[in-house]
Every structure is written in structure tokens, then in C-alpha cells.
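There are two complexes below, and they share chain A, which is joined by chain B in the first and by chain C in the second.
After this line comes the complex of A and B, so read on.
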């Protein structure tokens, strides 16, 4: 490396060091702890022992982990990949065709859910789905019999809540992407007699493909990490029916004091995020010749 | 806008997740331990600060009052000493977690702290508690503590590490008016489990809107699930959780399955609250604050501290509770000897191993637990006194009409096996009850899963098939 190149590189060194210290070090420590029996109390708190892959073996011998992994995937696919992504695209498409006033109104309403801090959004969702909540009051007004949503359909409730909360992000991404689609291509297609859905499938979607992949990656990783929303709404219950991996990791590490096992679950979560990330990065790369 | 944020988005979003966040929390704590343990701290000549950590809830302010009083006394007796009270607003479970996290680092470790008796041994193993033997030997008041109380703070090595504030027992609390309306004569004392069901069914039949007999279950109510619920059942069968003589955990017992089956009956027949309500961590607030005073609940299993919620100044003041409420012993399964079951626990004060001023810390502890402060705490928090000199005070005996009834239960009470494994076993029991009341598992399957969990936690050589 020449001195010139080194000097050019110098200004970013502090940020790289900070990244290593605050992002990589905790992750590395978490991986390390997952091979020990570190605990909050008892002998293992004073003197954690190296237990090898025991924590990982335990994951597959207990029902709670495979269930949590499955629920996590369902939660991510349903609320992010389908819910936020498709709904966001749909709203963005409709907004490009509606009047400015309507579009502004819809945009504000959707973004409002997004700018709420997670804990506030979580309490709002809890108040909505709760036994005596808004949803059941509306159902009651219409003469229906309210359900205990958080108890009977906990996963559905948190999927709807997360979709509600996150759709704004996808909508903004697609608004920007759609604005960049050249008008003349769409017009040319129109001249050739392409119908609405044909233009969407063969012109618009391929043109914004990279935005789709970027958006999917970001919302997938965000949704994998959702904790507060679930914790406030259901705390992972009843009987584990809405315990996703972050909730399981938290419960094991801090509720049951088993930090070794908790960090092992967290490590799997990080791996899962990397797998999703790698798939999307590949999708992005393939597009460019 | 998609493109420019691609790279930044990948790195920050991939590692930001909650998982990494809590790993960061833990690792920061670990780094702090490492950093502070190797740097020698100079002995501060004056201006010493004592850090006191305890639990404060909306429902109970008695402990806070005692701490404020002790702070005044200790600061008056030692110039230059500041007592810093750090109450933690949390439920029992979260309090335990926060305390354990604070204890991991010398920077955050408290000098004196409020500690649940069942965590004493586990935390002694973790190296959080200071051995108090030499201090107790020079403390005259120690001879006033009864033997059971002294044992509460004893670890496996025979030394004392914590001093109890008071103890408690569990009983059936019932609303006399509600029972009478259903044609049940009061005072009511069930002799068997079947008596409980018979009465509960009668109450339910007379008024379907009344909760007939509630017992906590599930992880939501945490340790309350086992202390005010499951163990009253289990210890009334011929089984037990832990074999003290063999020092092994009991698995495969019929009593365990039968206890779960009893809970299933209560919840299936809708004699207790709905499973959704049972899993709410705040259900006990409704029990004390709404259902009992409003006559919507006939009976529940709760602690001897129950009147503290309803007394003047309590969280849910209820002027008529002395007349409306009654207390009964929880029966053994078939009425076999000794006829009843109760569970005892209680909280202690302990000194942190990492305290820089252990002498002062013990002085604070002994001030907080002196006769005057213990008396006011036991009365205001409806505790069963552990100091014999407090127990014989007329003021204590007159604190509420139930003092004698709940104190008598000490004769049939049980203590949790306070081994280091206990907190995790307790969680396994809570999980079993949750699976049963939500209908996820049959009592047999839930018991089998409990057995498997116990084997995993303590190891094959420390279980006993019964």
C-alpha cells in the first residue's frame, strides 16, 4: 500500500475501530458465551465452564427452540416479506395514481405508525387487540362477539401489528423507486396495448427490482429483531405460541438466568439474519451484468 | 432511495437486532467486571457511600419506609457517610434479574440488598453474598431470631449469609358473603381437595359470574404460581419436590400428575379465572384490588401478607375486609395428616461481597432489622415476625384479625428446596402448569416433560424416581 493510499484510508480508521468495538465485539462475545454455561446465579456465574456444543445440542432436544425458529420464520415471512412489502408496494402504486391531497393524507396516516417509538406502537397494538380493546369494542358495536385475540391468535395479532407498524418504510422505498420509472417506457407499453397488470408485471416490477431486493433485505432484518412489540403484546405466550427467537433468547438469558443458552439462541438468530442477508445480496448482484 | 443505503443498511441492520443488543449488555457488564477487579481502589478516608438496593412496588411501601428510617439512623450515627437508596420498581422476577445483573460488576454491585430466601444459596454459589458469621457473633439482637429464620440465610457450607426480615405462610382466603350466598356455611374449612371442588361448583352454580376458586398457574405469575398454588397441592399428596434426605429431585411421581390434574379441573370447569387472565402477570392486582372487594371472587390461595393490601395505607384499601374475609387452611389431598399444607418463604437482607465498606454495610443491615424497624415492617407488611421479641409484642398481635390464623400455619408449612438449581426447577413447574391450563398438554404429558427438564437441569445422578 502506498503512503498516499494509506493517508486516504486514515480518516475511516476510527470508525472501523468503533464498529469493531461496539458491533463485532459483542457479537464475538455472544458466540463465545454460547459455548459456556455462563449464568446469572449459581456456581456458573462465578466460574463459567466451557461446555462445547452442549447448548446447541440442547436446542434440538427441546421443543421450545424448533418451535421458536419456526414461529420466527412465519413471523418474518408473513409480516415483512408479504405484509409490509406487498402492502407497501400496493399503497405506493395507488398513491402514484391518486390526487395529491389523497396521497398526502394516506402517506401521513401510514407514516404515523412508523414514527412511533416501538414501545409506544406496542402499547397501542396491545390496547387495540386486548380483550377489552378497541377491536372488540368495534366488533361489539357491530353486534359481533369479541375474541381474546392476544390469547387465541397471538401470532396473527403480532403479525398484523408489525405489518401496521412497518408498512410505511416499504411504501417510502417504493414511492421513490416508482418515481424513477421512466414515463416513456410505460407509455410505449400502453401504446402497444399492454393492460394495467401486464405493465406492472413486465415493465414496472423488473425496473424496480433492485429496490425490491434492498427493501426486502432491510425489512427482513428489522423484523427478525422485533422484540419489544411481541414482549409487550403477548410476552411470548400463551404457552410459547408467540415466542420468536429474540423472545426465547431474552427469556433464557434473563428470566431463567441461563446466559450460555440464551446467547446460543441469539447466535442462531444472527446466523439466520446472515443467511437472509446473503440471499438478498445475491439477488441484487445477479441483476447487474 | 434504495441504492445508497444498501451497504450501511446491511451492516447496521444485521447486527443491531435485539439479540446483539442484549449480548452487548452482557458483554459490557463482563468488561466492567474485568476492568474494575484489577484496578486497586484507594480506601476513601471520608465521604463513604453505601448503596442499598431493594424492591419497591406500588402495592407495598412498608420496606421503603424501613429503608428510609434506617438511612436516617445510620447517617446520624456516622458523619461523612451517605446512604444511597436505590429502589428498583419491578415485580419479583424482574427484580431478581436486575439485582443479578447489578451484582456482576463491582461498579454496580450494591452494599446491602433485599434478597429472596430461595435465591440465597444460588447467589452464594455465584459469589455475590458476604459471609456474615463474624458480624452476627457480635450482634446481640441475633439471639432474638428464631431458629427457622436463622436457617433461611444459611448456605451449604453452614455459614449465614443473609438475615430475614420476616416470613410468610399461605392459606385459602375467602369472601364470606359470596360463600354464604351460595349456601356454604362459614367459617369454611375444606378437609380434602374434593371439598374444595364441591364448594367451588356450588358457588359457580349459584352465580356463574363469580370466580369460584382461583389458583395461580402459568409463567405470568412467576414464583406466585408455585408458592400460592402448585406446591399447596403437591405437598398435600404423598409426594414432594425434593427429597431432603437423599438430596435428590423427585421425578415421575403420581402426586405431581394429580396436582396438575386438579388445576386442569379448576380451569376446565371455569371455576378459576380464564387461562388468558391467569397468564397475565398482573392478575393478582385484580384479585386484591377488584374481585375480592367487589364480591366477584369466592376464594383464592394467597399469602399471609394479604391484609397488607387492604389495610389503611395499603395499595387497595378496603374498609370492611376484616368482616368480609375469612381464612382457611389448604387441605391435604384426602385429609390425611397433618390435615393441611402451607408454604413459607420470605425475604432477607444481605451484604454484597464486593462492598468496599462491609462494616458499615452490616451496620445498615442491623439497623434496618432492629426491633423497632422489624416491628413496624412486620405490622405494615403483614409479615410473620421472625424475631421472638417482636412476635410477642401486643401491637404485632393486634395488627390484623388474621395474625393468629396465619401464624399457626407455621406448624404445617414447607420451605422450598433452596438449592442453587431451584430457580430453574421452579420455572419448569410453572411451564408445566401453563401447558395444562391452556390445554396444550395433558397432565401426564406435562409431568413427563417436567421430568425430562429436571433430568437435564440437575443431571441423571441427582434425580430420584418415585
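After this line comes the complex of A and C, so read on.
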């Protein structure tokens, strides 16, 4: 490459520096610190010692990590892969054959939960699932017995809340995808009865399968990283019943001051994100004409 | 359209069914927001959703104080505008050569950047905290802005490049003929033509930063620097006695700017979502 051609690409440098300093460096530091006993305070804060794989061994000797990993899987599968994905697709399909005014209004309602700042959405969800909250009031009106959702079924409440908060993204993706499906095919596929379902399964879904794949990757990555919603609604409790990996990493590092162990948990999450990210980038490359 | 034919009738019925199903879903999505709206105007609000017996704006006037609302909102604005500005400058600079010059590094670079969007930010917060301690950047507004800008930078570069690709190259070639440098052409010809796209990117990043809770929660320590997302949490979320109505009023005041901004660009944003790497590559 000649100097002249090199100079042309000079404007990319600020972005590269930012990405190196604030994304790559923390990731590298995370993997390094996870092999030390770094702490928030005390001797290990000033002079962390190399402890080898101790933190990773500890992960599997304590119950908190396997439990958090399992809860994370349940949370991601239930609220993103099933909840947001299926509901988003369903809403988008219904929109293709409902009146414009109805679909615009409902679209706004779905998007509102998504556009609100996450802390406000989290407060609203907390109030909704509260013992005295709206959900129990509705249950009461229907003659049922209210439950203390956040205490008895914290993960269920969080899964529902995250589905509520995130479905808009899948809905927008699928609306765009369905808009590109030739109209007569979409209509035919949605017409009455079992035959409609068959056409949906054999015609419409195969036509939008690349959108489904990319959407699944993106919402999985987003849901893997959810922290605020869980922190406000249950703070990971009671007794770790809603502690997913991001919450566990936060608690270990900041509540118990164990940066080494916290970064080990974070490193596992980062690795997970990298695997999903690599699959996502591959998907997009294959899709390109 | 809906004639008296059998086909028309069944289509009408199908339409009605879809309308009803959608309406039910819409109501379920609105239900959690109902409390927010009603409690905000109810001085005696609890976690119950009820029509206030004596509705008033008392909750709003209670939170309209400098330390409770204005300072945190000013901090939010500073953080978000700073993040969006840093983001936009870096993204425009990076997008220009990537959009205008062919190189075998372009594609790998764009895909590496895209890969960067995949890192779960919450997972990076523990190491970022460690990094900020080492570099003595903790509690620094500027450092927080640069970090927040970086987390949204990959998406911003993709969006900006896609917007820039749609500005025809011929327009600049004329300017180059007249002796203008690349940067001058960028400033005088390309940027004015993609004003709308730049606005979308700016607002997109601004909205994300405005709603961000976790990053400033970890990186900003002094109460005087915390944005509304964090101050609302430390005021209402951690204390025993909660003024529910004030919490709701505060939440609404804090949400209004992003709702307005989103409404402003929702069309362009939907477009750019479709355009950006996120969906089509």
C-alpha cells in the first residue's frame, strides 16, 4: 500500500483508538484479571497475585455459578427465543391483515415499552408484578388469588417483563421482512384454517428465514446482557432465584469486592457473546448477495 | 372492498379476528404503563392501579426541584449529547474512507466492527471499572462519555456508512476536479446531503445514552454528576419509604424527551435499522 493510500484511511484512526481502548482493552484485561485475586479493597487491590485457574475452579465448586448459568439459559430461551421472537412474529403477521389504524395503535403500544428508558420500564414492571400491583388486581377481578410474583416466581416475572420490553424489536424486524414477501403469497399463507398454517410453515417462514436467524442472534445477545430490569425488579433474589450471569458478575465484583472472581464470570459471558457474535457475522456474510 | 361475496365476507371476518387479537395484545402491552400514568397524578399513590380520588399535579411540583430533577436531567443531557457528538464525529470520519475508497481491508474491518456490537456491555462493566481505576478515570464525565460513545460506535459506523453510500460519488468527483481535498468535499458536499441520516444516527445514540442506567451507575460516583437514570434509582429504589406518585411523575418527566425524539425519527430509524448492518449486512 502506498503512503498516499494509507493516508486516505487516516480518518478511521480515532474510531480504532476508541474501540481498542474502551472495548478491546477491557476484554483483554477481563481475561487477565480472571486469573488473579484482584479485589476492590485491601492488599489484593494494590497488588493482585496470579492465582492460575483458581477462579474458574471455584465457579464449579460453588452452587451460585451453575445456578446462574442455568437461570441465564432459561431466561434467554423463554423471554427472547420464545417470548419476544414468537410474539413479535405473531404481531407482525396479524398486522399484515388487520386494519391500518389498529395496527398503528398497537404498534405504538408495543414500541412504547421498548423506547422508554430502561430504568422507567423496570420501575413500571416492578409496580405491575408487585403484590398490590396491576397484575394481581386483574387476577382478583377475574376471581383468582393474587400471588407475590416477585417473591414466589421471580424468574417468571422477569421473563414476562423482558418479553414485554423487548418484543418491539422483533416486531419491527418481522414487519420489514414480511413487507418484502410478495403480497399474494403472504395473503394466501394467512388465509383460513389449517391450510393457512401449513402455508405459513412451508411458504412464509422459509421466505423470511434469514431475518429469523439474524433476529434470533440479536435478541439472544441483547437478553444475555440484561441487567437493569432484573436489578430493579428483584436484585437477583430471593436467595439467587433470579441471579443471571450479569447479576452474578456484578454482585461478586462490587458487593463482595472480588474483582478476580467477578471478571472470571464476566469472561465467561464475554466468550458466550463472542460465540454468538461470530455466528451472527457469519450469517450476515452468507446473506450478502 | 368488502363486497357481499363469500370471499369478501371471510376476508372481513379474518380482518376482524386479527383486529381483536391485536387489540388484546396492545392492551396487555399498555397495562404496565397504566400505573405510571395514574400514580403520577395521584398524591396518595401506592403500587395499586386506581383512578386517583383527588387528582393533582402535586407529585410533579414535588419533584421539580434543582437537586432532584434539573441537575440530574442536565447531567443526562450532557452525557447523551456528548456521547452522540463523539460518536457522530468518529463515525463520520471512519465511514468516509470506508464508503469512498476501495480496499481489501474494508470488509474485514466492517465485520470486525460488527462483531464488536455483539459484546454484552454488562459483561464488560466489571473489567471497565478495573480499567477506569487503573487509569484514574473513575467519576470522570468525559471518560464516561468516551466509553459510552465506544459501546454504540460500531452500530453508528454501520449506519453512517450506509447513509453515506447512498450519496452518489460523482458529486464529489466534480469537487475533486476543482481541487477540493477529500475532507473539504466531505464537509461541503457529502455531509449536507446526508443531514437527515446524521440526525437519525445522532438521535439514535442520544436515546440509547439517555436511557442507559448501568454504565453511569458503575462509573460515576459523585451524586452531582449522576444522570437521571441513576439519581432516580438512588432516590427511589434504595430507600425504605417510597413516594410512589413522585417516582411516577419523575419517570414521566425523564421519559418525555426520548419519546419525543423517537417520534421525530421513527420513520428514518426504521429505515436505517433495515439499512444498517443489523439486518441486511
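Criterion: the second predicted complex is superposed on the first by the 259 of 289 C-alpha atoms of A that agree within 3 Å, B and C clash if a C-alpha of one lies under 4 Å from a C-alpha of the other, contacts with A are read in each partner's own complex, and residues count from 1 in each chain.
Everything that follows uses one rule, which is that a contact is a pair of C-beta atoms (placed from the backbone, for glycine too) under 8 Å apart; a residue touches a chain by one contact, two chains touch by 3 or more.
Keep in mind it's a predicted model, so treat the numbers as computed, not measured.
In the superposition on chain A, A:255 makes contact with chain B only, not with chain C.
Of the two partner chains placed by superposition, only chain C is touched by A:123; chain B is not. Using the contact criterion defined above for the overlaid structures, shared-chain residue A:11 touches chain C, although it does not reach chain B. When both complexes are overlaid on chain A, the residue A:143 reaches neither chain B nor chain C.
Partner contacting the larger number of chain A residues, of chain B and chain C: C. By the touch criterion defined above, A:214 lies against chain B and chain C together after alignment on the C-alpha atoms of chain A.
In the superposition on chain A, contact is made by A:98 with chain C only, not with chain B.
Once the two complexes are overlaid on the shared chain, A:284 sits against chain B and chain C alike. When the two complexes are overlaid on their common chain A, residue A:112 makes contact with chain C while staying clear of chain B. Taken together, the two structures place residues 19, 22-23, 25-27, 29-30, 33, 131, 172-173, 176, 211, 214, 218, 221, 224-228, 245-246, 249-250, 253-254, 259, 262-263, 265-267, 269-270, 273-274, 277, 281, 284 of chain A in contact with chain B in one case and with chain C in the other. Against chain B, in their complex, chain A makes its touches with residues 19, 22-27, 29-30, 33, 39-46, 58, 61, 63, 131, 148, 150-151, 172-173, 176-177, 210-211, 214-215, 217-218, 221-222, 224-228, 235, 237-239, 245-246, 249-250, 253-259, 262-263, 265-267, 269-270, 273-274, 277, 281, 284. Taken in their complex, chain A has these residues touching chain C: 5, 8-12, 14-16, 18-19, 21-23, 25-27, 29-30, 33, 38, 87, 90-91, 94-95, 97-99, 102-103, 105-106, 109-113, 115-120, 123-125, 127-128, 130-135, 137-138, 161, 164, 167, 172-173, 176, 190-192, 211, 214, 218, 221, 224-228, 232, 245-246, 249-250, 253-254, 259, 262-263, 265-267, 269-270, 272-274, 276-278, 280-281, 284-285, 287-288. Taken in their complex, chain C has these residues touching chain A: 10, 14-15, 18-19, 21-23, 25-36, 39, 46-49, 86, 89-91, 93-94, 96-98, 101, 103, 105, 109, 111, 113-131, 146-147, 149-151, 153-154, 157, 182-183, 207, 210-214, 218, 229, 232-233, 236-237, 244, 247, 251, 254-255, 258-259, 262, 266, 270, 273-274, 277-281. Only residues 1-3, 5-6, 9-20, 22-24, 26-28, 30, 93, 97, 100-101, 104, 119, 122-123, 125-128, 218-220, 274-276, 279, 281, 420-421, 423-424, 427, 434-435, 438, 440, 449, 456 of chain B touch chain A when the two sit together in their complex.
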